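Two complexes, one shared chain (chain A), two partners (chain B, chain C).
After this line comes the complex of A and B, so read on.
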């Protein structure tokens, strides 16, 4: 067996352009969830969890984050497991990578909305590493998988100082990069209930290009037949990148449940989505543009879902 | 800063090394192993110039820690040709002039190799999807797509 090679990197002068480095940190790979909790409590904000690293390392390279400790949690038991049960729904370990998630037969068959949302993220090679758990925990308003989690009524299962607890996705996002995770807690899996019978869904992402840029606007719409609703249907709406957190649009949901569905009512629901959006101006788009796009894309997604429901009904 | 003893295979050869915690796979390949075919472009996971195969799947080496490849199998552009023979995909890029300055080419070949491994008969849209994370500022992409289609037809 050859001796391990030298720890030190050769002087950068041996290469025309050395690779940019990350700031130094301790890299820890605990194999027990309680050890992770202890480390998180011990190091507080100077510790960061690592799953795919596609957001963490970019932020560290940019100087936005400089954790002293990076805790790799993707090898913990269950973190990379995905299972589906017709009675219980879909369980996705927080560190299941996005390509594995989108390719899972149960996701393609029963949760195509989730596969659409995941496929809209960046590129194939980024998705080999990126995880839906990480996407949610970053707490970005633009998280592409968040609208799907919201309209599918996902539950976020976390492990912490008091063991396991469950946070509905609808209560998970508190602000820009702020989630409901308490000190010492980390996300272990997402649970998706069995979707409503006969449902249809659509995620539309508007980026500056088709090449996986962050969303300017993301719109998820899910609809299903429901005899208890006056209209005979219920819809769920969620928006990304147009408020401090990903949001549901209860006003539009109520509108479409209360009266017979007409083309005019679909337009009113799209307007309600626009009204619910409180976007900012940034380099990807102005607030005014974003609001107009919320209306247009909500109408487009809604038309698509409505047509699917009509075709099935 | 922590130090990690890693064992891995690189282009088919079993190796081991001591690495510090903050060294990326990209820096490790280029500066420690001398495998400079893997390029350092944006260092933020957007350009794809550093794409390598990690356990058979393409990743951006700039966003992976060297310490994370313990027990893994890594293939770089240097691992595509065998016994002095280019692999069919590489030859197709030459035949179609699918390369100009060449900086993006190793990453594109690795992404294309991964595509053909999981889908031997891709449509043009499949190819575009698979190469979405690889930027090329010279060719306009069409010759690259033609080369991948041709290699697929030839069973490459």
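After this line comes the complex of A and C, so read on.
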């Protein structure tokens, strides 16, 4: 089990005050993805990509990042496109803003769990700029859209020196602010396969207040009928803000596939989620509270999903 | 001839539209940072102490001064005199010692904010780090490091009592009756300790100041300010200038709540401007600086013991307040005093002992904050009264009705209570949430609870804080009102216009109130604080309007050859009830009226003047805190809260807050309701979310990321505002203040409702979901909570 890690941007140890302005940088806006790759390879860690800027500029102002080059990628072909195909599923350009994503009819109709997760991020005003692609690439363990990406089996499509490749969301997060992106690579879109027939999902975010907080705990649960499972159902669980990365909970998923589902089994699954969480103490909440909330909110989300499945079944 | 209207004092008592509504909703209104100063404008940034307590051994500014674009660097060497509203205990820039993390050590003036910021990093400061005081109880200890070794030499007014050789900047005492003897009579005694963390005002507009010194050495300061005149006075004194050589211009304020009263960063801008004559220097704080380098609400540790006889009568109360006042005490010493004389809450208690200590700590500087000590002390008072009612076995509303102050009650200072409608406030607020009726929670895992809290608060200010106003007519009989009180969003200008219109007899729409407030042209006002404008500035506006009205009536009486007592002004017309003559105010109020047969003219431009200063507030005995009239008046009120606690997460959902306040007279009922709603929201925010997390003197949550405040989606609850009107003898039309009072009882009312819902008493703010959840878990395990 990984050691507990601080999920926050570390607080400065001296009086490092955020600057009233941003440090100087060069702004580049290429129109060819290969040019982006070349720039990334040329500038390495001193280049950062810009989409909505809601994480980047905050970190630059705080002094956590000081890139010499900021590469705006939101104008590249396809970056702001969203499409749905009944066979292929949902394709979301990495720079589609969150309000557009949550409001898209296909998302509302076929991926309401994704809409719930996206709508829980920050505030409406911020979501006109913020993008799901940026939320994932920022690599925060608290990313609200990550649990949805995990349980919906999203694929992250990236462009890089060798052209296009696909990284499953489940392999995308490596550590705090660390993703599977290699030098020269950048995320171009997320692909969500057609969800399982008859599925139900729920994302619950716990913040200190209702308006715009970071998650103390985020819990996503997705369930669907599956004849191959002993229980007749399969579930997927994902958690935010309680480990160095957003995580799946395979233990809970196995439990609910193997035995007939009872109230007691739902409780066991919630306990398995609690066991999987390795949170820290921070300004937002104690590890003890976080673990209890993983258990309680997993149970709440699970009850909700289970009730939906039974109502439909 | 008389007009019949439903409201004889119109437009006083009418919910007229705000006078500044259009310019504010269209974005046309100008705030300090909107003012333009051309390409010569310079910018300042501040070098701040990273240590909570340190000696400055050496400062080297040479590298900063050498940086291209840097025009000047200022240090404590440039500010020899001390400044402070009550106790003059600080230098504008630190000299030999720094006393909190963020204390200004040097200021850099440059051609851009970025250059100034970069140059700040080149100012080399050598510190000798000292042991900090991080808790007021530690600060009280005899062996605590002294934060102000020279406290005994500081200049101080005669109602503040610093103790030389300690960290205590004020000790206020109440000694009334004999509590020690009274405990024996009591059938129930409750004792506990309550804690309140530091909180921030978080105005939407951070502090901004632009200062300029001209070639004659005269200073102009443009700033977002609640206190243009107090700032003029304090800055002039600290710099050895005449008050007439300092001009403060204060446009609209984007939220004050107390943080823009007194002097904070404005003086930094002025001292920097003195180094670059002829240039304006702008200093604006980042949001992070706003959190801990300007005033904060002080922390408090309150220890209270209270007892009652079996009949439910409170017999004695004993209180100690230890205020975590921070490094300096701009307002803290007077908050300590106000909380001491109000320490019983709005109860008549025969035996009282109170000791209120203002203690220096190496924390951010305590200042004025909506309620000025009252939300902090009521957090404990209103919970311990609830606990005592429980111990006695009485309904909590009934217990309060039995003990609360009424007209003629003898209060803690021995003063007699003026006419007061608190009983009615309690009855109406509790009725509005169906007090005494158990109602079901919305889900099986939720618990519902109801709670109430009552409050009192007096304007805490020097006994002789004054107001003045002028009222002058234009040719078309429109009226320009000039005041020194500030429009900080509370509606002061609207109320001033209503009062002028009512006293003159002209329509509300004819009245303008001049802004920005400019100390060179506007009449004096002490400060826009203490919920005192409607009352004190209102008295001055009423007097000025009556003065102008008398001049008009004298002129018309002479013109018509009538007795002035038969004349009146209605809807902009001068009328005679005897002769039934009438003439418009138009023209005559500027040009006068012609004498008969071309014999010349009489009258002339009409200007009315008025001022007000309470002359009847007496001093209090320094040993007993007793005196015949301790304050001008108290505003009282009650909030009743209906809420649910989610036992799965600990989260509180407020369903309803009913809030009744005795405002004497609602000059503008909609604005009063808006204050009552706003207070409930800010009160709920401080109750559930807010609090500084200070670690070794450093603020860990110095931004909105981790300092959470209630947003519109956090307050979906219903707020039921109730206006009670028992007139105030010295208020205009009977009015008293309401701006601060509306948030005073909210936190304890919520705490009492939480206790009712789940049996958990939270003694330290805020009431977070985590605290409640962990307490519920302990309760389930049979642990004490």
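Following the convention adopted for this analysis, the second predicted complex is superposed on the first by the 294 of 313 C-alpha atoms of A that agree within 3 Å, B and C clash if a C-alpha of one lies under 4 Å from a C-alpha of the other, contacts with A are read in each partner's own complex, and residues count from 1 in each chain.
Please note the rule applied: contacts are C-beta pairs under 8 Å (C-beta built on N, C-alpha and C of every residue); 3 or more make two chains touch, one makes a residue touch a chain.
On a predicted model such as this, the values are computed, not experimentally measured, just so you know.
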- Message: Taking the superposition on A as described, I'd like to know which of chain B and chain C A:208 touches: first, second, both or neither.
- Response: second
- Message: Tell me the contact category for A:72 with respect to chain B and chain C: first, second, both or neither.
- Response: first
- Is A:107 touching the first partner chain B, the second partner chain C, both, or neither of them? neither
- In the three-chain superposition, say which chain, chain B or chain C, touches more residues of chain A. B
- Between chain B (first) and chain C (second), which does A:122 come into contact with in this model arrangement: first, second, both, or neither? first
- Task: Determine, under the contact definition given at the top, whether A:21 touches first (chain B), second (chain C), both, or neither.
- Result: both
- Task: State whether A:289 touches chain B only (first), chain C only (second), both chains, or neither.
- Result: second
- Please indicate which partner A:297 is in contact with in the superposed arrangement: first for chain B, second for chain C, both, or neither. second
- Message: Per the definitions at the top, what is the overlap between the chain A residues touching chain B and those touching chain C?
- Response: 14-15, 17-21, 123, 210-212
- Note on the structure: The chain A residues in contact with chain B across the complex are 1-2, 4-7, 9-10, 12, 14-15, 17-28, 52-54, 57-58, 61-62, 70, 72, 99, 122-126, 128-129, 210-212
- Message: Show me the residue ranges of chain C that touch chain A in the complex, using the header's touch definition.
- Response: 45, 48-50, 101-102, 113-114, 117, 284, 286, 288-289, 648-649, 688-689, 693, 698, 700-701, 703, 705-706, 708-714, 768-770, 773-774, 777
- Which residues of chain A touch chain C in the complex? 11, 14-15, 17-21, 123, 206, 208-214, 283-286, 288-289, 292-293, 296-297, 300
- Message: Show me the residue ranges of chain B that touch chain A in the complex, using the header's touch definition.
- Response: 1-5, 15-24, 26-27, 30-32, 36, 40, 43-46, 48, 51, 54, 57-60, 62-65, 67-68, 111, 114, 129-130, 132-134
